[in-house]
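We just call them A, B, C and D in the order they show up, numbering each chain from 1.
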């Protein structure tokens, strides 16, 4: 492998990884705070992609301006889902939690199939095909924009969680929900907020992916597994873990896609996934014992 | 006559924390021994070590000549040690009879004889009339008693009871004490952890006091409750000095 | 009460035996076959998911292994699918041993994710090991009816094969549910620590259930291959795994009849929906599946069997229960 | 300021409190003592709203509050330092303190409160950038007290603040309690360290098996033989 090729692959991997990170942050945030593994996460991404697609094709918005609509749109969508499906499952058995979101995922996918048909739809605009040449290095403009936007969103989230009262309240709830209540934090409200926020971020990721990939009702299933791998690798519940995990998986994907048949790349994730689950179930950055204790 | 249970120089360390230090204890067959101590003294940790739920970092635990230290919980049970849990762990959606049968299956492979043994044990605990009630719908008192029944159905030689009185109302305690006495009269050695002192003092033949992971006192209830070191451990140093 | 129960059982078996004879409509007969087939797979899933409490979302793996193994032996080595099915069962057990070791200590959602990933890996392998599996093109079995080929001209013959499997599985489940093994599985599901304290080697017991469930699922997978005579790597898809689990959950996990009940309700409902609206509104069947799943899990978490139970419940004095119900109502 | 009448509470079917009544007058230091498992922590949790009550009433400043969620009670100035500190281990000391003033009533005076806490607890000021989980038990308990004070409490409920502490920190804790009281905060202290607590307080209640079995002025209870019985059973 030449140095140039190495750099080219690395650049592509990092760019892809940034988007993977953004896809995964919502999932890990929701898990960290609410201890709910959202099996419908991929469908939230899909909803974000369709919304972006129609904003661009029907309302003729710039795909990056569409973000301004997608984010609040998905936030409201997340609120709705939390209040109808998720809230009743908090504190329930694993069966209820797993299959309520599995069922939600089936419903959303089927609804998309009924509404938009199974056709694979992509954007074809000047910007989606633009390339950026940096000397001998060539990268796609949408990839760069998606990466930059993903990093900005992640930075904004970090700032929000780290520097605002509500952000601290979210982290406090994740670490010890009953101690959080003693601080005067309204825990159910934090759950609602977290779920909606996680959904909005996932929708943003979808909108950023729209200029790069095409959308179909089952697009979520392609990305949800990546998100689970990233989140488990980074440590369930760790936002910074998702960031690092996303970048790692992006790099692994581009390199393994080059070294071995790209068809197998997904198998590589899953094998990483199973290895992590066996060897270090808490992930690279996972926090053991941050769950609420019984006493 | 050698002891049924022998703990020799048992140590349990969690990272930097020494929860149990160089602990020695002999329990003779047929005894009822109470294990007491202030919060955080290491009582439940010690129980978990004996029952195979924690690994010990040093020492040995011998049951009737066989080393059981650091064996998995199910093997410890097969060796003849049954336990209850401080926080009850019922098989929620099984009936009382079914729960007891799970214990009885240890020595009786077929369902008919397991059922027979389970019913016999339930009879001893005055629970036969509840045989077909789901465990989750029992009151706490009965759940605690079901824990004992389940453990007893494995036909143990040593029964470890971890705070079976906790959470019972004052009126409910004597009834359970009678049950424990009758179990002991049936030939089962009992080692128990308890916070409700009045209960410990009436039932135990011998009381062992644990403090800061170490053995503080070992003697009859009367001896132990007069021991100034014990009083100090419970009420604070100055209290013992002043009293 | 007991007599009524046995009478109902006999009636149900008679109905199952003669039911498909009443119609000659091929679509309806297909539904009967599918109910028996999915009922059997869901019953197999129930051993892990219902009795042992491991929420597998990867049973399509065992189903697909069964289909691929028997078909490969049949097409490449001309081994009768009857024997090929057994071979598939053995291969499925071996794979269950591997995945079992990986997942057995994982709890709830993580177990579900790991099993899901396992099936996904097999799906990718089936797509890309083209020399062996014909890749995405799928496996086509030539239509050559004959008992030795396990290929039949009439759907009825398939139906009775599936019914035999189903009855065997239900009977096995019933037997397990009243034997030591079944008690141990439920005890582990309800509380693993407490089970260990009663001398149960939880890892071994769960692994045994996993192997058995994998074997049973694979047999039905082989049946599916011989029935449809065509399948693709999508046989490993998550949808299939979810559907298997769904039947058992909707019907009633951890009960002898629940999984069959689930299949008997959902297969015809969605089959009919698909045939009415499938061409005009693709996705309607999945939508109904999903909606039923969400509603059932939130409102009938113990499955439809729990709604029927009062009809059969023995009359035990509910004194203690009532007390507890009151206490629960308060909290 | 706080009036508890006939309080009953528990977990699931586990009834812990049967009939607990006591008063905490404004400006006082009131103590509850009792053996392990007597129901002290459950009492605190019922007062703060962490668990639901099964019976009885809790009045705070004259208003009935036993049905209000925790966060509303904090807004009223009813603040608890829970048993075992319950700091947020993966946050810095300063963040923990800031969370203490999450309630709206405390936010306005946040900087002032922070300065006060740092003056009262200089050790906490030194550690402000460290993760709370990395501190020693004694330091954690100081942070927990600081976090409680940040909420500008009218009544501060302290659940076994000395549990598991080295003697020097136990001593320090009692000094701080006295100091807090001087600042005009009413304190309800739940303690295992009987002697020290009783000599410090205005009034004390002895809890045994979910019931108040003795009450009186602290010094008066100290000499009572019944107290030893409550702890040692004979």
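Assume a contact is a pair of C-beta atoms (placed from the backbone, for glycine too) under 8 Å apart; a residue touches a chain by one contact, two chains touch by 3 or more.
Only a predicted model underlies this, so the values are computations on that prediction, with no experimental measurement involved.
Novice: Between subunit C and subunit D, which partner chains are common?
Specialist: Touching subunit C and subunit D alike, sorted by label: A, B.
Novice: Measuring between Cα centroids, what's the chain most distant from subunit D?
Specialist: C
Novice: Max contacts between which two chains?
Specialist: Comparing chain pairs, contacts are most numerous for A-C.
Novice: Return the distance between the CA-based centres of subunit A and subunit C, expressed in whole Å.
Specialist: Whole-Å distance between the two chain centres: 32.
Novice: Indicate the whole-number Å distance between the mean C-alpha point of subunit B and the mean C-alpha point of subunit C.
Specialist: Roughly 42 Å separates the two chain centres.
Novice: In angstrom, rounded to a whole number, how far apart do the mean CA points of subunit A and subunit D lie?
Specialist: That gives a centre separation of 42 Å.
Novice: With centres defined as the mean C-alpha position, give me the subunit A-subunit B separation in Å.
Specialist: 49
Novice: Give the residues of subunit C touching no fewer than two other chains, as numbers and ranges.
Specialist: Where subunit C meets two or more other chains at a single residue, that happens at 324, 327.
Novice: Enumerate the residues of subunit D that touch no fewer than two other chains.
Specialist: Residues 12-13 of subunit D touch two or more partner chains.
Novice: Could you pull out which subunit C residues touch subunit A in their complex?
Specialist: 55, 57, 102-103, 106-110, 112-114, 116-118, 120-121, 124-125, 127-128, 238, 242, 245-246, 249, 253, 281-287, 289-294, 297-298, 301
Novice: For subunit D, which residues are in contact with subunit B within the complex?
Specialist: 10-16, 18, 35-37, 163-164, 192-196, 209-211, 222, 227-228, 231-234
Novice: Applying the document's contact rule, which stretches of subunit B touch subunit C when the two form their complex?
Specialist: 51-53, 72-74, 77-78, 82-83, 85, 89-94, 98-99, 101-103, 105-106, 109-111, 114, 129-130, 132-134, 136-139, 142, 150-151, 153-154
Novice: Would you mind writing out the residues of subunit A in touch with subunit C in their complex?
Specialist: Subunit A residues touching subunit C: 37, 39, 85, 88-89, 92-100, 102-114, 117-118, 217, 221, 225, 228, 232, 261, 263-264, 266-267, 270-271, 273-274, 277-278, 281.
Novice: Could you pull out which subunit A residues touch subunit D in their complex?
Specialist: Listed in rising order, the residues are 165, 168-169, 171-172, 175-176, 178-187, 287, 290, 295.
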